[in-house]
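The chains carry the letters A, B, C and D, assigned in the order they are written, with residues numbered from 1 in each.
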Amino acid sequence: MRFFSDNAAPVHPAVLAALADANVLDTAYDGDAWSKQLDGRFSDLFDADVRALWVPSGTSANCLALAALCPPHGAIICHRDAHIQNDECGAPEFYTHGAKLLLAEGPGAKLTPGAIQGVLDATRNDVHQVQPHAISITNATEYGLVYTPAEVAAIGDLARARGLGLHMDGARFANAIAHLECAPADVTWRAGVDALSFGFVKNGGMSAECLIFFRPELADATLYRRKRAGLLLSKGRYLAAQILAMLDNDLWIENARTANAGATMLAEAAGDRLVNPVEANEVFLRVSPEEAARLRALGFDFYDWGPGEARLVISWNQHAESIAPLARAIARL
Amino acid sequence: MRFFSDNAAPVHPAVLAALADANVLDTAYDGDAWSKQLDGRFSDLFDADVRALWVPSGTSANCLALAALCPPHGAIICHRDAHIQNDECGAPEFYTHGAKLLLAEGPGAKLTPGAIQGVLDATRNDVHQVQPHAISITNATEYGLVYTPAEVAAIGDLARARGLGLHMDGARFANAIAHLECAPADVTWRAGVDALSFGFVKNGGMSAECLIFFRPELADATLYRRKRAGLLLSKGRYLAAQILAMLDNDLWIENARTANAGATMLAEAAGDRLVNPVEANEVFLRVSPEEAARLRALGFDFYDWGPGEARLVISWNQHAESIAPLARAIARL
Amino acid sequence: MRFFSDNAAPVHPAVLAALADANVLDTAYDGDAWSKQLDGRFSDLFDADVRALWVPSGTSANCLALAALCPPHGAIICHRDAHIQNDECGAPEFYTHGAKLLLAEGPGAKLTPGAIQGVLDATRNDVHQVQPHAISITNATEYGLVYTPAEVAAIGDLARARGLGLHMDGARFANAIAHLECAPADVTWRAGVDALSFGFVKNGGMSAECLIFFRPELADATLYRRKRAGLLLSKGRYLAAQILAMLDNDLWIENARTANAGATMLAEAAGDRLVNPVEANEVFLRVSPEEAARLRALGFDFYDWGPGEARLVISWNQHAESIAPLARAIARL
Amino acid sequence: MRFFSDNAAPVHPAVLAALADANVLDTAYDGDAWSKQLDGRFSDLFDADVRALWVPSGTSANCLALAALCPPHGAIICHRDAHIQNDECGAPEFYTHGAKLLLAEGPGAKLTPGAIQGVLDATRNDVHQVQPHAISITNATEYGLVYTPAEVAAIGDLARARGLGLHMDGARFANAIAHLECAPADVTWRAGVDALSFGFVKNGGMSAECLIFFRPELADATLYRRKRAGLLLSKGRYLAAQILAMLDNDLWIENARTANAGATMLAEAAGDRLVNPVEANEVFLRVSPEEAARLRALGFDFYDWGPGEARLVISWNQHAESIAPLARAIARL
């Protein structure tokens, strides 16, 4: 069993079926019947007038959002462990034309208003330093923690007070909502979020993520940037169809619940070994090298995550029966 | 019947089937079993050691190639009607960080050594002007003409003599090869081409094009650029599988032959109305506005292409029987 | 005698004297007593509330202006022979992060509303093409012609109607004003100009040009861009002092009058040989290669400017007595 | 007396005199008699074949060097307190087109091989992370410490072993050499430095710094980048003349000795109050807010530098007699 990454999981059958259903002649780019539904469907989901743009990757969703919120001579405050800082090969710098990421600290890759304020305080307000224009947070975080609506709102308040945009990297937004059991609006625009990278690929999709702007005017220039980046795929209906399939019947939230439940099962087995509370679909364990080796010998694959730690990620298709053997193995360590 | 664009066509069933076949757990990004086959499969096809990178769009293939061939302070010579100049919203400038396109003329969007030489001659060799570093040609061209191996080789010789890289935008490369009936190598690396955007989407694919480097070292930095641009999709196997399905059983060339045959049928019906010789899957007709209206009244859709001209594009799935009514209608005009 | 370029001329003694006067301890960058005078002095000169930023080169003035008026995914309309297109090594693309220059034609490097409209008409209003955001004109032009207030206003009206910014490259703005004998405001903001590169170096200065924003809010981000480009020199008082010395006693206009007068003297001697009317300090002559050789044999240096043409540029320090021998030599050809 | 910054100091009379001497007609840009001497003069100074390019600011020297050493998708390792990180408004990101600065720690803003190795070790060698391509160190550092030849060589060895370029920000290079009393070559190319920003402005110059390439081929593309950035001033002889004046009679080292001597005098007076050893022309003192107020009441100006610390910078024109009153005041605190 592989617990490397939710990117390794296959695609949900409903998504494949949606591709087949979309396999007809239609207008190119985003002029087709599927793409045209996105604004409306997400406006319904978020109970607000939003603009929803498909893109083929989470990195592109994140970086188009950042480019909409921060000029080339500005800065974006994010966590030291953020994906945009560590895992996108400088894509934020590419898309923003050289804006700077200013790094804040916090346990579990989670930012607080205090940590953000610390970065703001360390910045002189003169032309010799890049000035912060945006904050980017990740929900669920890189360490599987979930920001509550109140936590986001506290950051949103700070952002508003300082005139900063607020972006949420929601590569695992579904997992966060499955944990919070709140309305998607509560942890986004009602809490001050301007732009959300709504992830589907890790949650059963194939190649479509959705960039949501809660301030619709941010979409205007982004439409040009998306094209200019080579992201406006010519047969866009196959991306829109994936996303619509995920929204239909709340598949997105069902898949996330399954993955979260698997993680919770492992967390219970892990007990004191947990590095962080398990709130989404990632489990970070303290294991010695030889304990890790024993788990691997039993056929469980995962990443080492720094010395003496392991990361296990549960995917949408890993149900209780497939998790149980690993849970038992962990409990027996 | 719609003859707007080959981007409007659906996806070939074999491509959809390949997606289903690839729907298993595998390594993320391009570490999967499908992606790993690309270098080998294209090296076989081109009878050379090539590097093959999937990307989700033709624009991104073109612009990664240009960025590999031209520094930010350089220039790329292309035709005034090239897709990279007119239809990519400045993507070449984005990917190259501001290199300049220098425009040459020629009938049918086709470059000649003479036209290129004219641009070179007009450039002073000093630091006040951007210096040409690359040439980009499109085969088949935006007007459906096909460069022969000899024509490309003449440009390739000039490129070598002047130290310029040579890129081929092959959004309709399959149609060019179907017309030429030559080995793919003959019109590419044997003729001096360094990088090819090998298009599949217009030819029955869904969302995967392939960037081919005939000088393998050009791929090294491109791997970083691809990631940095948000183009390294996390479930890359679904892109690679599409491309492999197109290579299997020569589907790519079969599809192109079908489309080209349709265009030829229209060309024969069009006679003197042809603006350009028909060599691939595009037909440019001289039609008056009211003739165009008559065709549309019969249910045929297409783009106007400047005053008194119309563009008809034939797709992989438009066989003789579906073309015949349009051919008759054109003949009767 | 050298008539190559007004950049070859020395610096006016008053400018050198101003450097000596400024040679005291003061605040770094632009916090000094000299730099702080610029906004006020230029507001007086232009009879409007302007922002005035020193920069060390005309290229940087031009490109900071363009970056203030055009986003990376936009386009700037300029003349095919504009300095920003031909002589700045892609600086506009560098500063704007890859905006495109769209080229219009017109005799004497002069744009007209009709030529600009032609470019606008050729641009589809969709995300596949970069959309024009600004127009850049040069006064006096690269061929020594001068836009009148009415001519600029006609372009300014078009710019306003289409929501485009308007930049004036005034590397030889002083020569234009000396010719027009109008208020500087008449040919700039009253005619719709948003930003002016006000040149001093060709007119007796050493290393300081001034970027003038007639819409003061455009300066805000430009202050960061100037720093970010390495243009915020640490001892800025020596740039500001040069500019102030040029403004004092109308030195800028006196110098330009001298240069223009020299050009007029040559124009009168040249008669039918003139390629363009002489309105500023440049003279373009039709001369055969052997005629050019005869002039050179007499000790006059100048550039060939295409086949059978020569460019002669008069500098601020070339008075009638030093021009007369050349005028006679031309008349005798 | 002001001890704010060596940028606040006036220009040395010899530099002003050199401007007057250069005030003749000559070729524009860098084709003049002064500019042409730079390569030779610096090759003599460094006992090696170097390329020397004038630029108008330290920021531009630094960032042209970084752009020569690091591609857009790469990273540069520097100290957290480096000028390129904190005081250039993102100029490195602008010039490199979005390369990332990776920050290392160390007392006195000084890097060690160990600190650099720590950054290298934290970087995964895959396409998801920007890969280090260069190291940038500052000599003398932002806190007035000086790297010895052996210290630089240790970093140079690491750079070579890892295939990294090595840049030295020498805004106060003269002060470092005055302290080290070594050959300039010893602490630069002999120790593995590829590019040096050789500062003159803080040391008595007006508006000219020199970018030195010890690997001459690095200059080739930089000549285009310099133009493209608007840094190729049209009357370049006035920059070259400043630099040549500083080299003549070893003025550069004399000025630095004066400034260093002043700092040493203050250091002796300061005793235990010193935050760092004083090796160049900067003195960092521990002073309480009211002690700082007392010094200011006596007419001494300086920057607070974090809580309870003050920075005093000595300029080339502050001789012993002008330093003595401050030294006494510090001693009496």
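Assume a contact is a pair of C-beta atoms (placed from the backbone, for glycine too) under 8 Å apart; a residue touches a chain by one contact, two chains touch by 3 or more.
A quick map from chain label to UniProt name: A, B, C, D = Beta-eliminating lyase-related protein.
Remember, predicted model here, so these are calculated numbers, not experimental data.
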**OP:** Report which interface contains more C-beta contacts, comparing A-D against B-D.
**Re:** A-D
**OP:** Compute the centre of every chain as the mean of its C-alpha atoms, then state which one is farthest from the centre of subunit D.
**Re:** B
Original post:
Whole-Å distance, subunit A centre to subunit D centre, using C-alpha means?
Top reply: 42
**OP:** Can you check how far apart subunit B and subunit D are, centre to centre, with Cα atoms defining each centre and the answer in Å?
**Re:** 50
**OP:** Mark out which residues of subunit B touch at least two other chains, giving numbers and ranges.
**Re:** 72-73, 88-90, 94, 97, 127-128, 130, 224, 227-228, 232
Subject >> Interface residues, subunit B side, partner subunit A - complex >> reply: 2, 4-5, 7-11, 16, 19-20, 23-29, 55-63, 88-91, 94-95, 201-202, 206-207, 224, 227-235, 238-239
Original post:
Once bound in the complex, which stretches of subunit A touch subunit C?
Top reply: 71-73, 97, 127-128, 130-131, 221, 223-228, 232
Original post:
subunit B touches which residues of subunit C in the complex?
Top reply: 72-73, 75, 86-90, 93-94, 96-100, 127-130
